[in-house]
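What follows is a pair of complexes built around subunit A, which joins subunit B in one and subunit C in the other.
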Partner chain A sequence: MNRVWTRRRTTWPWVLPALLLVGPFLAWPLGAMVWRAVTPDGAFALQPLGDVLGDRYYWERLAFTAGQAAASTAIALAVGIPAAYVFARLRFPLQGLLLALLTVPFVLPTLVVAIAFQRLAGPDGWLNELLEAAGLEPVRPLGTIWILLAAHVFYNVAVVIRLVSVVWRNLDPRTEEAARLLGAGPWSAFRAVTLPALTPAILSAAALVFTFTFTSFGVVLVLGAGNPDLDTLEVVVYRLATRLVELPAAALVSVIQVAASVAALTLYSVFQRGATRSLGLRGDHATRLRRAGGGQVLFALPVLILLIAFIVTPMAALVHGALTVGATDTVTLENFTTLFDDTGRQSFIPPLDAMRWSLTFAAGSAAIATVVGLASARVIAYSRGAVGAVADALLMLPLTVPAVVLGFGYLVTFNREPYDLRGSLWLVFAAHALVAYPFVLRSALSTLRALDPRVPEAARMLGASAWTVWWRVEFPILRRPLLAGALFAFAVSLGEFGATVLLQRQEFATLPIAIFDALGRPGEANLGHALALSTILMAVTAAAFLLIERLRYRDATGF
Partner chain B sequence: MRTIRFLFILVCWGAAGLVAVACGDDDADAPTLVVITHGSFDMSSELIEQFEREHDVSVDIRKGGDANEVVNRALLNAGNPEGDVLYGVDNLTLARTAGAGLFEAYDSARRDAIPSEIWAEVGDSQEVTPIDYGYVALNFDREAGTPPERLEDLVTPAWRGTLVVEDPATSSPGLQFLATTVAHFGETGAYTWRDYWRELRANDVLVVDGWDVAYNTHFSRNGGERPLVVSYTTSPAAEVFFSEGELDEPPTANVVPGGLKLFRQVEAAGVLRGAREPELARSFIDFLLTDEVQRQIPETMFVYPVIPGTETPDWWRWAEVDVEPAPLYVDATTVNRWVREWTDIMRR
Partner chain C sequence: MASLTVEGLYRSFSDEALAVENVSFEVPDGHIAALIGPSGAGKTSVLRMIAGLDEPDLGDVRLDGRSIRRVKPHRRGIGMMFQELALFPHMNVEENVMFGLKMAKWPRPARRERAEEMLGLVGLTALAARRVDELSGGERQRVALARALAPQPGLLLLDEPLGAIDEERKRWLRNELRAVLRSVQTTALMVSHDIRDAVAIADDVVVMDAGRVLQHGPLTTVVAYPVTAEAAAMFGYVTLIAGEVRERGVFEQGVGSLPLPPELRLTGRVRVMAHPSSLRAVPTSAGESSGVTGMVSGTQPEGPTQLLKIMVGTRQLLARWAWEGGAPASGAQVAIAVRADTLRFYAVSTPTVRATSA
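Right after this comes the complex of A and B.
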């Protein structure tokens, strides 16, 4: 009785940071947009909703969006699970670094990934050079579903590897060994013993990959090459909002998208609870990695080599493009040195300013995201039962809201005195913090859940105040996951594009904006600048990410 | 602890950035005039510097994408604009800005120098001032053989995959061309403009966001694969100018079949409501109507100067086409409906 009471008392103030961010900067603008959509002439009407729901086109797009997300998820699982095995059960040199390398794509800005694949698979890209060398017909994957799937797998395979391998590593291998001793073959032992234990982690990874690919935007916009059959719901929303300026329809289609992603995320949340519980199975003796044996090497080597080739080639194609000019193969720094030269270039975004602004927004919004993410994680971790599950789903909402809609909602909501915030930096900070804090939340939550609740309780019993318990018991354990989450938020903000492109003013344009700007101008020089800026952005993000790697608790799940 | 220090440095960076923003504007001695315009805007730096000297101001030209994209963006920021002057709103897009409070009223001293039929095409606007005009037409790469004779030819198998057009939702020439097809095929009857576009789509027409990409990337004259592009009647002349003496006649031709109505696309400029420098903005609009700027318009933007009798360069004779412009002033509802219907036909 007492326990419940103290929890309640200490939990509620932690709701505040999330409320202060989500209330004015998510609920209000989105609510206002939806409200305006269903009250076309000042009075409530179901007709606009009926128009959208009755339009077959939107349902077809929903079906396509879900279909491509399901296909991307299936492929990511097929590629990721064998790799998860290799990382969980074997020990080999540079293992940590390799895992970090494979995860770099996940934090890369969508725009950069799209450009990398465009370079790789374009008419004169490496892919076609390879095919030509092999005497095969050239392919034109741009504007087809294949390039989308490839980019989605590139992005998300690390999510599968990480979530699954962490649990796999902590499963007691003796159970499977026992099954083998009792006469089961390796495959049936895996199926009967290991797979059931891994199922929550696999499903959780699947739900997460599904959500990310379901809301795919930048990749589709660039690699879809204008093929309307590849439009995801988010692209449809973008078109409705920025081109046709049909806000009601845009708002209502966003609602459909959010509803669908919330369903997927709720599943994720449920499965993640399962995955975290299975951590309890582990014993220290069992988590030790083994040196690979002969058969395992035969399995592991091809898996690793193919995976690394798949992950590294697009990034290499991007860097190669940045280091060459035109169709030549001569390595030069020209694209980088001419970046700073603004003679005769009107509406020039100085790259150093763009970099400074990118870092400023990233640092500021990472700080906000850390506070909000931590506080929210505590709320979820310490509310039991349905309240926790609902709070979890609600607090993950920002991941599912189309960034374009967020930016748009701000512009049409904060547009009158005394709160005309258009052109203000604060909207960018708010948007970035919103899309970034769920990552801090996940990082902190998995550690909070793994924390034995008896430890803080014991501290309380011994007379420590709630504050002391937090400072002396919880914070020291949370410090590293929090830093990891903060850096994740930092990387997310660095790459944020959908909302920023609407909210930015040229005075504070960020790197992704400068890239998009250069990409939209004709000529070799502008393309070279876009590639050079993308390379810089990739390097900064990757550096932030490699730092995260050093901070992560090895036994924490989450991504 | 190193990590803590790292994070601390990051936060300090963020804070320092914010302080710099808050105390910024340290180079506020010369005011800046910000001109918002589309990607095809061009003016020689000599002329810009002349304006800067005369008004003790520094001019910042900011180019967005195509005109309609720029206007959509400006509409979202109406009242709290990204700049002081918007240059490049045309007679069709102007309809969409009506009632949005985008511009401040301005009556230029040179108002009377602009012909009344041009004023009529911007609805005798009290807000924006016409600066130049042009005619949107199909351009054909002569190297590809004989040009099509009628718009109807383009949906036949012989012309499959040959045309690149701009999206009317983002591009002003794209919207003008859509208006041309609406006028030519009609809104009602057995075969409407909608049927034409459906057949164009089935015949593999390529849609891109803006004129720049259409003309400079996909047009076969510029290394692309399609010999037909939606551009301006003045583009063939511009090709002669750009060849710098190599060509003495245009490598491309206008496709202006008899009976096809060509609309006059009037481009205008206006002072944005809420501008920081409204006075300078007004001076800039007057400046756009001076003789020097008007004379340069054919050379840098390849459209016609709005003031009659402005001297034009010699190669401009290639731009002379025998067209009788059809009047075009359409209300916003109609324009929006066209774009919406077109999007449903082409982008679904």
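Right after this comes the complex of A and C.
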């Protein structure tokens, strides 16, 4: 491949947007936090560090956080791998739609998921009604590990299905068939041939799920129901950060958090490389999906039905809760209409204001994320050798920083003149854009990498200036993936809770904050509002996600 | 239309591009030239420097005598057809063809008219509204050609224009490409690793190897008188003798000898090559033997006679059996007959040498 004339000169200015965002709003706060941890009173001291490390409490929390993450990951794999098989190897009606539906939870705001499970498993929830109908004792899963695990699996099973099924689909089924003909039973053929090929994909999914659940916050805060034995490190940071006296401890725990998720995500990308390498096993014509045979239907049908029930029921419980008042089963729009009348206007955080602010932050940070993500994708795609790989790793760093830690980092950094941004809504924009732009980056990068570098050159040879090449050729080709990325960023910002809860002010509280606030207040009206707002948030993010799926689907057939 | 002059192009070896050393040649106005050589010879590098997509370390590129070294690629007025075609995936066939016209600020009706004309020329009128990813390989090829030709470039560069096409359709597309290029009367420079492309399409040939130009000139001259053994091999010449000069002849142990023309003052190791089209296999007893003999290692029917696979020393070559009676069986000794004026002599030690007595 020859050096491309146009590239040498246009790459570097594109680094700027990422530098302007990542420098002041990620690198600096994280650095300041580490500094804070070792200089509690302005002077270097290892004493507080020792105090934290010597405190059994933090070790217990670390053990619990890792343990629940491991358990969540194991269950998500156990549920997700059979489903991945069904989606990879069989062909059935509405397949694409079902896969999209199963992926919806992944984009739902944590708070919405938490509330959905709270409705489902609460004292008057559907779960207990079902048990009662069956003549069994009612259960109280709220405030126990079980409800956390259920919510975590709900969230992450799609990660497993997607990452594993894409590799599985590309494995040549004839290798397994060959093993069968050589005398292996179905299980040993799977273990000897298919499983080793899937292992990188499974491990990479596991690393990703582990990271997500290790840094779980909103789910734990709501479903833990105040039980301190269920606090994850992320919740510990939050509690310490809101009691500003224990900043060194919070800073230290934050550092541990970041280190753990950097490690897990590094594993993810290592495994992911292995997983994409195994795509090379693809056979030419043999990977076409087969229509399900009798035995496969017997396997696939229960898997699909149980999975869909597991995914749909909590969402349905949430909608049902939003459409009823009190313990009645009468369907009413009261919870929605009161959002906008005097009841709403007089609440601590008026719902209409929260919606307006949510949309403002989402639109603004999606715009910033799109610029930064696109520019960074170009830098990675157009720089050669190690530069590209290093840039790729560095620019994905925001994904490894848990939201609460990020918010906390801002609190301890931007609190002094001339950078006193306490209570500034710009910090919210920055935090949201920072957690969202990697999604734009990934989306744009895959298209840029698939684009033949000679296409822009061809435009140049036909008389287009560098700017015209960008505007007439590159940008139109990137339009779809950019739109998909921007929508994802929009959805991420709408649901962002961990950082926002530390940075928000009542004047510019967002929907998740309003929901969290209403949940904590007594009375039917407040609960009704929390449910109605959650339903709206769920509908908007799910719609955004389905739109993204559509964009991506067409894309795949495009080029 | 324009004449192209390439003068002393150098480009140093980098991590990605191959080195090019002192490459100079000319393509006269309206000629079609083929730049041929094995892959890695630096052909595409030269093409990209002419296009302005890569910058030479030294040297100059001139169109009609004017240097375009400092002109940006999009202002050079050069059309290019890329190896992987590089069609715009987000535009349909017609939009692809009109892109260059739009850049040149042609008014809209003129654009349409020209695009229609170009699509007619390559036989794609019916597919104007098609998405480019719905086309077959050959159709895509033709869109790329129409797109490159539409803005009436003074010079058209073609990088392996038939690279991605299977053998069967290649023959047909070669003729078609030739017809189109002739009809638009453009100056063209085509890169190819396949000599058959050059033979079918080009007026002139530039032979490159390892970053240098071995030879350039009219196709018929270059093919008839390759200046180096490498160039000769590229055109399909085979080695009859690779041996020592002794007493006005070139001698190889176990193969035989061929007389050295008196005007060639060669000494030391010499390779004698000939094109298979001028070789005939005859009995060793016949007076026509040139002095080279070999052993038959296989036969295949060729019309009324046989094509013989003959081991000459350690080399194998093909020659038609041109004698009365049946062809000899495997293992038999045969002689090679060849007209003395079709033999080409190359010194093995030095790379540059006079080719023939012509």
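For this structure, a couple of remarks:
Heads up, the rule we're going with is that the second predicted complex is superposed on the first by the 437 of 559 C-alpha atoms of A that agree within 3 Å, B and C clash if a C-alpha of one lies under 4 Å from a C-alpha of the other, contacts with A are read in each partner's own complex, and residues count from 1 in each chain.
In this section, contacts are C-beta pairs under 8 Å (C-beta built on N, C-alpha and C of every residue); 3 or more make two chains touch, one makes a residue touch a chain.
Model, not experiment: these values are computed from the prediction.
When subunit A is checked against subunit B and against subunit C, the one touching more of its residues turns out to be B. By the document's definition of touching, neither partner reaches A:Val255: not subunit B, not subunit C. By the touch criterion defined above, A:Val219 reaches neither subunit B nor subunit C.
Contacts of A:Val440 after superposition: neither subunit B nor subunit C is touched. Of the two partner chains placed by the overlay, neither subunit B nor subunit C lies in contact with A:Leu265. When the shared chain is aligned, subunit C comes close enough to touch A:Met461, but subunit B does not. Shared-chain residue A:Arg505: touches subunit B; no touch with subunit C. Put simply, subunit A touches subunit B in their complex at residues 57, 226, 228, 231, 239, 242-246, 344, 346-347, 356-357, 359-360, 362-364, 366-367, 408, 411-412, 415, 420, 422-423, 425, 480, 483, 486, 490, 502, 505-506, 508, 520-523, 547, 550-551. Residue ranges on subunit A touching subunit C, taken from their complex, read 1-6, 384-385, 451-452, 454-455, 457-465, 468, 472-473, 476-477, 558-559. The residues of subunit B lying in touch with subunit A in their complex are 3-4, 6-7, 10-11, 13-15, 17-18, 21, 39, 41, 45, 60-63, 65, 69, 72, 75-77, 79-80, 82, 96, 167, 169-170, 206-208, 210, 212-213, 216-217, 336, 339-340, 343-344, 346-348.
Within the complex formed with subunit A, the residues of subunit C that make contact are 14-17, 44-45, 48, 51-55, 72-75, 78-80, 82-84, 86-90, 99-100, 103-104, 133, 147-148, 151.
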